[in-house]
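In the two complexes below, subunit A is the common chain; its partner is subunit B in one and subunit C in the other.
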Partner chain A sequence: MRIRQSLLFATTALAMTVAAVQPSVADTSDKRIALSNNYAGNSWRQAMLKSWGKNADQAVSTGVVAAGDAFTTAENQATEQAAQIQNLILQGYDAIVVNAASPTALNGAVKEACDAGIVVVSFDGVVTEPCAWRIAVDFKKMGEIQVDYLSGRLADGGELLEIRGLAGVFVDDEIHSGIEAGVANHDKFNIAGSVHGEWTQTVAQKAVAGILPSMPEIVAVVTQGGDGYGAAQAFAAAGRPTPIIIMGNRHDELTWWQEQKDANGYETMSVSIAPGVSTLAFWVAQQILDGQDVPKELIVPFLQIDQADLEEGLANTEPGGVSNVEYSQDDAKAYLESVK
Partner chain B sequence: MKRVQAFMRQHPWSWSFLAAFTTWAVTAAYISGTGGLALASTALSFSTFFVMVGIGQMFVITLGPGNVDLSIPSTITLSAVVSMMVMDGSNTLIVLGVLAAVGVGLLVGLFNYSLIRVLSIPPIIATMSSSFLVQSSAIALGRGVKIKPPLALEWISTAKILGVPILALLVIAFAIGMAVVLNRTIYGRSVTAFGQNTRAAKLAGVPIERIRYLTYTLSAVLAAVCGVFLAGFSGGSSLNMGEEYLLASIAVVVIGGSSIAGGNSNVPGIFGSALFLFLLVAMLNTFGAAAGLRLILTGLIIVGVVTFAGGRKESR
Partner chain C sequence: MNGLQFFTSARFWRGALPALSLTFVLLGVFWLQPRAMSYFGLNLLFNLAVPIALATIAQMFVIAVNDLDLSIGSFVSLVACIGATWLHDTPLLGIAALLGCVAAYAAMGALIYIRQLPSIVVTLGMSFVWSGCAVLLLPTPGGSAPDWIRALVTFKPPYIPMPILAAVVLALVVHFALMRTSWGVLMRGVGGNERAITRAGWSVLKLKMTMYAMTAVFGILAGLTLVGLATSADANIALRYTLLSIAGVILGGGEFVGGRISPVGAVLGAMTLTLTASFLSFLRISPDWQIGAQGAVLIIVLALRAIVNRMEARR
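Let's turn to the complex of A and B:
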């Protein structure tokens, strides 16, 4: 599996050097880290929480930190999450890792936490409050590389169907702008239609089925993840030939791809964010507590699976989950060293 | 013309069909070739699921102010997860899986009713809190693992005869049955009486608690059955498959011309508005409307339809 950005290369060697030159400034064994999470109702979030839990349990049992508790709000509301963060402040956590329901609505609560001397690290759903750290994803690039890939596959170009995410959400706008930039670079492509699949298989299936009757021949479908399998179902139901559908690393998508590959040599690629980014956020928080100097703005690599990596990618993906890369403390140290 | 107006005034559901047909006609005119027919066939496929849950929600809403079932989305998800696990991709286990799903529906209905009756929690809060429990059970049980539906189930959920989905035919037959239940049976009349004036209904000898229990159970069982077919239709269960049915199940009832205040409902309108909601999104997607514009138009058009359909009260 190819990992974008120089992450796993020479991890051990690099980490050892890092550890040697930068000894721990402060002991974190009595520090408590909390995860404030806004949503748990899909397979990506489930995998993210699972990675966090596994990693935090291990860190606690080896005495690196005193606690690594995860808290998820029930309603995916910014107000609810702000109240949750205030609770975590009162409970005396030393660091709060946040996957935020809104980039701005939590700023007040985040500022309160910073003022109380708490380290706040936001990831995936980042917050704009300057006192917090941000582990963001280059979503725009995630859109762009899809069109780059298609350009290599389809010399003559053609009509594309775009499946977007949830309207009004930052991530959706970013991936969309990346796809637009990609189409601008490769002007043999044209976006014939665009629907909102809300990163949900059933919603994507419905939206694609609704627009297909009006579409010309579609050569490829650009997606945002979680929607590829639904798109495949809609094309099959409409009796249309299956175009190149970009997948989003979900187990159902990879399974479908594997079936197609075995049956007729179907080729595509798959890209998404590894849910294990929660473990990177955990270690970044730990490193900050440890007294290390960590830049406020971090970019996390995404995870791409190509035709040749499919079998391996599928084997490494838990049924019902998303392809994952988890970070150990050493991986995180190596990563922080690489971005310095 | 007068006659048409009079008919539409007396049959509030006709507005939703008019809206659905207009939306379809506008889109079909824009699409070349036989795309219009394909669109109609697709609309029929997807609206059947909304009709299934919509009928259950309609009976609940008919019970009067404050009665609404918010546990429908999570019940769809849990029943899909349970039935796919029981069936395990095998045609011979389909009946068992459907029974398990119905069992899930019966349990959720009983649980909702107990919260409302025993703990005197308002229905909207009771069904909302039970939905958290149900959704959590689905997460804990399924962990998001997608189990493929048995081939026979997939076939019945997706097969079409001359472009007409078999499932839609079954649901039309079921809807006709439910219209008879609503208008011609003691149970249906009792539900309407319950919604018009609970106290009067009680004094008139309507067993209101039994009616309420049956209605919440009906809604949950229909959501559960919908979950099974939806899993068959979309290639397995997923944790967020029910999400869009929360508001949609209420919207199809209201746009269909049933009174949101209860006591005055109809079944055909659910079909018309389910078709309308699907075709509206398809139309705006086809015209390439931006998401913001799409949402604004959807809102405005719904307000328009509800205003027209609801206008009959004053004119009487």
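Let's turn to the complex of A and C:
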């Protein structure tokens, strides 16, 4: 045993001096990480939980951490998630990774966790409490690049149809403001109408079908993900020419795009957040427990699929799922190195 | 009635059931998570139960006059929003708005009584009004709780955790006011026998307005406690409280009709509901089953209640 330990020390020392990798300040093999998740009711969240589970199981089996359990609240309510976080504190987890129901309503519980010496990392749905780490998504940028892309494709501009998400939700506001900013930058475009698609194909299809008769000629549809396929169906049903519809990395959207591409060379782009961001959050928490110095505000890149990557993107997406990128410990380290 | 008879009487069991269910769940939690058996642990387990207990008491006032308030959840959310914005930035405006809320609730009680409208419909309608106001006041989640509220809810008294202390004080104060004063008898009388109260020369209108105003007062206390615990607000922060508060009243031994309520039971019921959720999460029950399991706990307690009711009927 002693020999083994000294061997371990020797290799560690070797690694530190020779390879000049970042030294591990603390051992995390006895640390327990929990995921507090507020909602599991759509394909993105299911993929997110699956990524987390796969990654955490592997980390536990290789002895990097002692536990990586996922907890989802039964109902998508901030008060319930606050109680859940307090329960996780009681259960003695060393780090809590949060996808929050509300950016502010969990702050009290998050503060309790920090005060108890627990590392709190929030991602996707981030919390504003200063003691927590935030892995945020630049949703505004996600709206802007859609209009930037269209500007490159359509020299003459024209009328856009906007499909929004769920009214009153932070993400919807952010993407919408990004699209508005994009339209302000490229004034050849005008938003002719907007509907709420609730990130669901069937809802989007119904909403678009309802507004189409009153619309002038639409050159493109800007979206928030999970609504592109429904919009395409609505245009087809109304017998109108298919505009450029921005997709959101869902399997059904990419499949439809591939069919159109094969049939008539249809071109568009697709952008969304990879659900594997949960694995990044996991490794960020692990790195913080490891004693690494990690900035509190992190921005996660989104996943964009262009015309050329379509085949590859579709092949990597499970039927019914969302295109995904999962982070390994090394990916996360490289990412943290890049933002330092 | 001698001692033994008392312990087998329905009255005793009706009162004891909420306390027994709470003890049972609490023992379960301690068994699963011994860490909870401490000042710190009890604080964490119960601090979010305090606003729920207050909302349950608020609901109880309405149930006492045979009505039901489906707007309490959105009302508490609105109060939380007022607390995190106006009360923090311009306290006078905040206090005025809260007083306005009490007046609005009293007016709602008057409307329901004078026009003989079903309270479920009126309060359901009002829930959208409260939600709308909350969204207008705080379109995106944010704001911050006034420091004095924050200090009050995070106060750590020696030996007894604040949430326990708050629950005991709340239960005793309301119990005394409603069950031990002549004013309380009148209030419950509106639910028990409205005609008798009218015949005795009391204005049921005034009594109902008072009860609705009391609901608003406790709703406000719930909202302010909640915003103190959460540190900032969200227009949807307390929507779950509507059903939780009704379940809490019934779990605590109250009845939907007849002015039969129990303030102590209602507080115990609210705490049991909160604790059940923690218990199930400590058990590592999959979230898909958790709502069902929570429902099952409610049904078990209500089934026991039905047995108690049968005992009463047999007498």
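As a working rule, the second predicted complex is superposed on the first by the 320 of 340 C-alpha atoms of A that agree within 3 Å, B and C clash if a C-alpha of one lies under 4 Å from a C-alpha of the other, contacts with A are read in each partner's own complex, and residues count from 1 in each chain.
By definition in this document, contacts are C-beta pairs under 8 Å (C-beta built on N, C-alpha and C of every residue); 3 or more make two chains touch, one makes a residue touch a chain.
Because the structure is a prediction, the values reported are computed rather than measured.
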Partner chain(s) touched by A:74 [first = subunit B, second = subunit C, both, neither]: both
Partner chain in contact with A:105 - subunit B first, subunit C second, else both or neither: second
Which superposed partner A:90 touches (first subunit B, second subunit C, both, neither): second
Touching partner for A:224 - first (subunit B), second (subunit C), both, neither: neither
Which of subunit B and subunit C A:173 touches, first, second, both or neither: second
Subunit B versus subunit C as contact partner of A:51, first or second or both or neither: neither
Which superposed partner A:40 touches (first subunit B, second subunit C, both, neither): both
Which superposed partner A:82 touches (first subunit B, second subunit C, both, neither): second
Contacts of A:196 with subunit B and subunit C, given as first, second, both or neither: first
Overlap of subunit C and subunit B interfaces on subunit A (superposed complexes): 40, 74, 168
Touching residues (chain side subunit A, partner subunit B) in the complex: 40-43, 46, 74, 164, 167-168, 193-196, 198, 200-203, 205-207, 209-214, 229-230, 233, 237-238, 251-252, 255, 319-321
Complex contacts: residues of subunit C adjacent to subunit A: 33, 35-36, 40-41, 44-45, 47-48, 51, 135, 139-143, 226, 228-241, 274, 277-278, 281-282, 284, 287, 290-291, 294
Contacting residues of subunit A [partner subunit C, same complex]: 40, 69, 71-75, 77-80, 82-84, 86-87, 89-92, 102-109, 111-112, 116, 128-129, 168, 170, 173
Touch list for subunit B against partner subunit A, complex: 27, 30-31, 35-36, 38-39, 42-43, 45-46, 132, 135, 139, 142-146, 158, 230, 234-236, 238-241, 243-244, 278-279, 281-282, 285-286, 288, 291-292, 294-295
